[in-house]
Amino acid sequence: MGKTMIQKIIQRASGKEVQVGDRVWCKIDLSTARDFGGPNCVLQFDEVTEKGKVWDPDKIAFTFDLQAPAHAEKVANNQKIIRDFAKRQGITKVFDVNWGIGQHVLLENGLVKPGDVILGTDSHMNLLGGVGAFATGVGNTDIVASWINGTLWFRVPETMKITVNGSFARGVCMRDFLTFLVGKLGADGMFFKAVEFYGETIEKSSLADRITLCSMVTEMSGKVGLIMPNGEVLDWLVKRAGTEVLDRVQTLKADPDAVYSEDLHFDVTGLEPMASCPDAPDNVKTVREAAGAHIDQVHIGSCSNGRFEDIAAAFEVLKAANFQISDSVRTIITPSTREVMKQCAEAGFIQKFLEAGVIFTNPTCSLCTAEHYGVLPGGDVGVSTTNRNFIGKVGKGSHTYLVSPMTAMASAVKGVLTDPRDILK
Amino acid sequence: MEQNVLRGKAWVFTDDVDTDLIYHNKYLAETDPKKMAQYSFEYYPGKEKFAKEAKPGDFVVAGRNFGTGSSREHAVYCLKELGIPVVLAESFARIYYRNAINNGYPVLFVKGLSDAIKEGKVKDGDELEVNIATGEIKDLTNGNTFHGDAVTDLEKDIMASGGLIEYLKAQAAKK
Amino acid sequence: MKIQGKVWKYGDDVNTDVIFAGKYTYTIKDRAEMAKVALEDLDPEFTKNAQAGDIIVAGKNWGCGSSREQAVTCLKERGIGAIIAKGFARIYYRNCLNEGLPIIVSPEAVDAINAGETVEIDFDASEIRTAGGKVFKFPPYPEFVRGLIEDGGLIPHVKKSLGISK
Amino acid sequence: MGMTFAEKVLGKAAGYAVKAGDVVTVEPHFCMSHDNAAPIAKTFKKIGVPKVWKPDHLVFILDHAIPAPTDEHAVNHKEIREFVEEQGIPHFFDVTSKGGVCHQKMCEEGFALPGLIIIGSDSHTCTYGAYGAFSTGIGRSEMAAAWATGKIWFRVPESLKITVKGKFNKGVSAKDLILKIIGDIKADGADYMSVEFHGPAISEMSLAERMTLCNMGIEMGAKNAVCPPDEKVLEAIRGIEKTNEWEAIWADEDAVYAKELTYDLGELVPCVAKPHTVDNYASIDEVKGTKIHQAFLGSCTNARIEDLRLAAEILKGKEVAVRTIVIPASWRVYRQALDEGLLETFLDAGCVITNPGCGPCMGNHEGILAPGEACISTANRNFKGRMGNKDSFIYLASPMTVAASALKGEIADPREVL
């Protein structure tokens, strides 16, 4: 009987033949922590090992993205706890406040290959499944365990297969498909499962789109979304992470006769711009249905939609609107990494955004954390490309619509929730 | 087995209670688990005073997908520190589940609980009797009964050791 | 008016950041809460133990730095009866008058007074009397600020001058 | 007998001749507030006057923590927006790319004009003296009273005349001059006084350099600090004046000063102010090699395009050894830096470039220090706990010294890398 991708990955990592439902211990390729969760890992590790040595300093990385640069003493202290620990342990992969969102930084620095088992104190670690890695968010205890002996337990999950065909209409993009999917399957529609994505729409998609797709698997309670790199994405990854990537793609791809728990097919032709309305990701409507809703702030960024392609899509909408946004909203763009910020500068985007009144920040998790750029006061309504709109998430008593970068910018232009097709004529 | 039978008041929550509602983003910089307790459910509409009013021994009762969202272990610590002996839910979000197991913190999967909550078969303030060993749950206020499944397999061994770190230590000692 | 209180003594150039830290300027809005962190980074003893009626005695340029009025409010709310210094920074001086917190410039008295002793200030006689029996005269407030103090600070004074009652 | 700048400006506003020591009540031309407009509005409401005296004389510029990093800041900003709406205040700089640090915006937008009287609820309001204005910081209650009454009292200050001549040596700049002056006359050396900068070297200086000088007037206790309103000023304000009530006013040749000082730029060397007071002067040789953990290029003192150019020249093609935070003074400065390629230089060097605002300067935002950490900063204060933690250390220096130090991870002499 054939194996799915996650089964092959777990077999490689555990050295065992596995079946769905088995609990196995996997070797960890990279165990990471951020400025959030990281200090808890360090303090717990030092306590339980009495300041012992980590299993392998080369397989540990730290990223600072939640509150970079630190805006409060406690945050500054936490970051220092990590820096000091890294120094003491000889951990050199420390991506400090000048780098950007962790997973993206790891990717850009060639630390992620298909089939890698990667841990992080971030529930959206699994966006690295966009290049076929089994990355997963865990709590600090899991991280500490991995630092002690380099392994961690996993249940081999069922795999859901999703095939996506068709082409997006102008003004519609991968994020809209995701929002549609969250609405369709619900907040627990991928409960504990691995998800493999196939189909022409996926094969043609950019790395940015694959990141969006896999990051949002979390919002359907999935374990990881997996796409084996191909085409330009594969070329990009080989350049960053080396030729071993090519072997992994061959050996770890799913067997043709693999068994899936579900086999879903979608066609994005005719899909409309979608929005997750307040106050849940699965409260989904078309933007048309919700259009005209009052808004106070627009935010484009986050690990789900903060890459160059996302910002370029927003730029296209702004350009179509003659580089004018509404006076009644505050609009904030946060690139995901320093590399993305540079790309935006080189493309001349930042200049045009600023001319229009948009604020462009340094790369961080920004709004997502509610302790950084753009916390909403009670009663305010935001439009955002982040991945969660739980009540009060970005400020007590505030509400958020989750949308694509294009819909976000269209809303900034009009000052109310707006379908980007109204601008991209 | 008397020690497995617990009595306490129910605090009832909906489906999809996310980690921001259990323990908000705003307090992520906290590193001391003891201090985390005071922020429990601060952002949950109508349950803002949970941390002040819940008594050790009270139960958290919820529908499907409890703990969805962030990987923050704070959301487990805070309830554990408040003395909530077990969380009863129809199902738990993946990372929340791991975090609970890794801390030796009991969770029971209770079939039909989501609908029972919606139908008012278990309400805020009801007196519950929970047998952690057998999974039998009685609502003493209205006589309704439920059955919860405790964890099995590897998770059970980890729980029995008191958490992941203790489990690993015990394994290392065996070798 | 007479006040009598225990002395907290400090040196020259005590700035507004150590009287009321910048990080609190938007997080602490309640006056009573401001009082709780007064002088936190300069003298934790003060923060813990200062009592209503106590008097601050300081060197030159007390309150230099920011315009933040909370650096006055936190002491007034704490119940500090008066500040005697060799000199006050300009904005701090104005803020004290505006909040109605009595301040006295008297370099001689500052040199003569020790930390922890009890001193008496007699505003009617414009005199500071130390525990050791020394007496220091200080100049009365200029006429135009006396009105401010008498009205209990700038806001009540403005209301009065605009003919607004309560 | 001649008159000082302060005597002339305040006399003009009062409508009669005044001399140092007199108390006058005058009407300010502009009242500037930043994020603290919210608490001031609350105090204002307590007075019981329904409307502010002149809405278009109030200027609100959000800069202390933007976009809002916490619930408290977000609510604070919202209260300001509501007050602006209610009172019809036209000059409001919200969280958009039209904004920036309040003092920079006041100068860029044509509020800072020669001969105007400007009050601000921020101690560095004295910056606008670079444009020949009489500007000074006041507290919150006083600002609320000024909104209600349109009036403020001043004691006409004595004046301190500082004459500056000569030329800067390589690696030395206006920041080194002002740190030297404050080190010499100490934190209370100009208490209550009006500081006038005179001399050929001031005429040579850019407005950016003059702003650095006047900005730090408060650090020696001054009520205001001012430079002559010369051609450079008139050119800078042409077409952007927010009022036509301005007039170029300058001290008489035979004015009487309480104190006079003279500096020769050629004698200055790069320097720092050591923790924890601004007057704790040390020449670069005394502190070279001191380990630092963070470098901050920003604040109302030194984050203009001229400052960024000086730093970028040093950082070009190199990589910083410590975390380095660059915060341009306004979005206009940011855009110019983008056009000139400076931001790319900073990004390539590994710096963080944040959105314009006050940043870590007063412990509210981007770049708070942990205990035991030291920061070299272009800002204006190094008080204990200023950047948020009482056990951290701040060294104040020029943009060039900060850039040179960022490269080495320790305090370094910019002359060695230029």
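All chains are identified by letter, namely A, B, C and D, in their written order; residue positions are counted from 1 within each chain.
Operating definition for what follows: a contact is a pair of C-beta atoms (placed from the backbone, for glycine too) under 8 Å apart; a residue touches a chain by one contact, two chains touch by 3 or more.
For clarity, every value in this text was computed on a predicted model and none was experimentally measured.
Asks: Give the fewest steps needed to get from subunit B to subunit D, where each step moves from one chain to a chain it touches.
Replies: Contact-graph shortest path, subunit B to subunit D, evaluates to 2.
Asks: Between subunit A and subunit B, what's the gap in Å when you average each chain's C-alpha atoms?
Replies: Centre separation, subunit A to subunit B: 28 Å.
Asks: If you average the CA atoms of subunit A and of subunit C, how far apart do the two points sit, in angstrom?
Replies: 54
Asks: Please set out, as single numbers or ranges, the residues of subunit B touching at least two other chains.
Replies: Correct list: 26.
Asks: Out of subunit D, which residues touch more than one other chain, so two or more?
Replies: Touching at least two other chains: 65, 70-71, 73, 364, 368, 388.
Asks: Which parts of subunit A, given as residue numbers and ranges, touch two or more other chains?
Replies: 72-73, 75, 370-371, 396
Asks: Chain touch graph shape: choose line, ring, star, complete or other and state it.
Replies: line
Asks: Let me know each pair of chains that touch one another.
Replies: Touch list across chains, by label: A-B, A-D, C-D.
Asks: Looking at the complex, which residues from subunit B come into contact with subunit A?
Replies: Counting only subunit B, the residues touching subunit A are 15-16, 18, 20-21, 24-26, 28-31, 43, 45, 64-65, 68-74, 76, 91, 93-95, 98-99, 102-103, 153-155, 158, 163-165, 168-169, 172.
Asks: Touching residues of subunit C toward subunit D in the complex: what are they?
Replies: Result: residues 12-13, 15-18, 21-23, 25-27, 29, 40-42, 60-61, 64-69, 72, 87, 89-91, 94-95, 98-99, 142, 144, 153-155, 158-159, 161-162, 164 of subunit C touch subunit D.
Asks: In the complex, go through subunit A and note every residue touching subunit D.
Replies: Within the complex, subunit A contacts subunit D at residues 68-73, 75-77, 79-80, 96-98, 330-332, 338, 341-342, 345-346, 350-351, 353-362, 370-380, 395-396.
Asks: Note which residues of subunit D are touching subunit C in the complex, please.
Replies: Spelled out, the residues of subunit D in touch with subunit C are 23, 35-36, 39, 43, 46-49, 64-65, 70, 72-73, 76, 120-123, 125, 137-142, 144-145, 148-149, 153, 186-188, 191-192, 218-219, 221-223, 277, 279, 362-364, 368, 381, 383-386, 388, 390.
Asks: Could you pull out which subunit A residues touch subunit B in their complex?
Replies: Result: residues 23, 36-37, 39-40, 43-44, 48, 66-67, 72, 74-75, 78, 81, 120-123, 125, 137-142, 144-145, 148-149, 153, 155, 187-188, 191-192, 221, 223, 280, 282, 369-371, 388, 390-393, 396 of subunit A touch subunit B.
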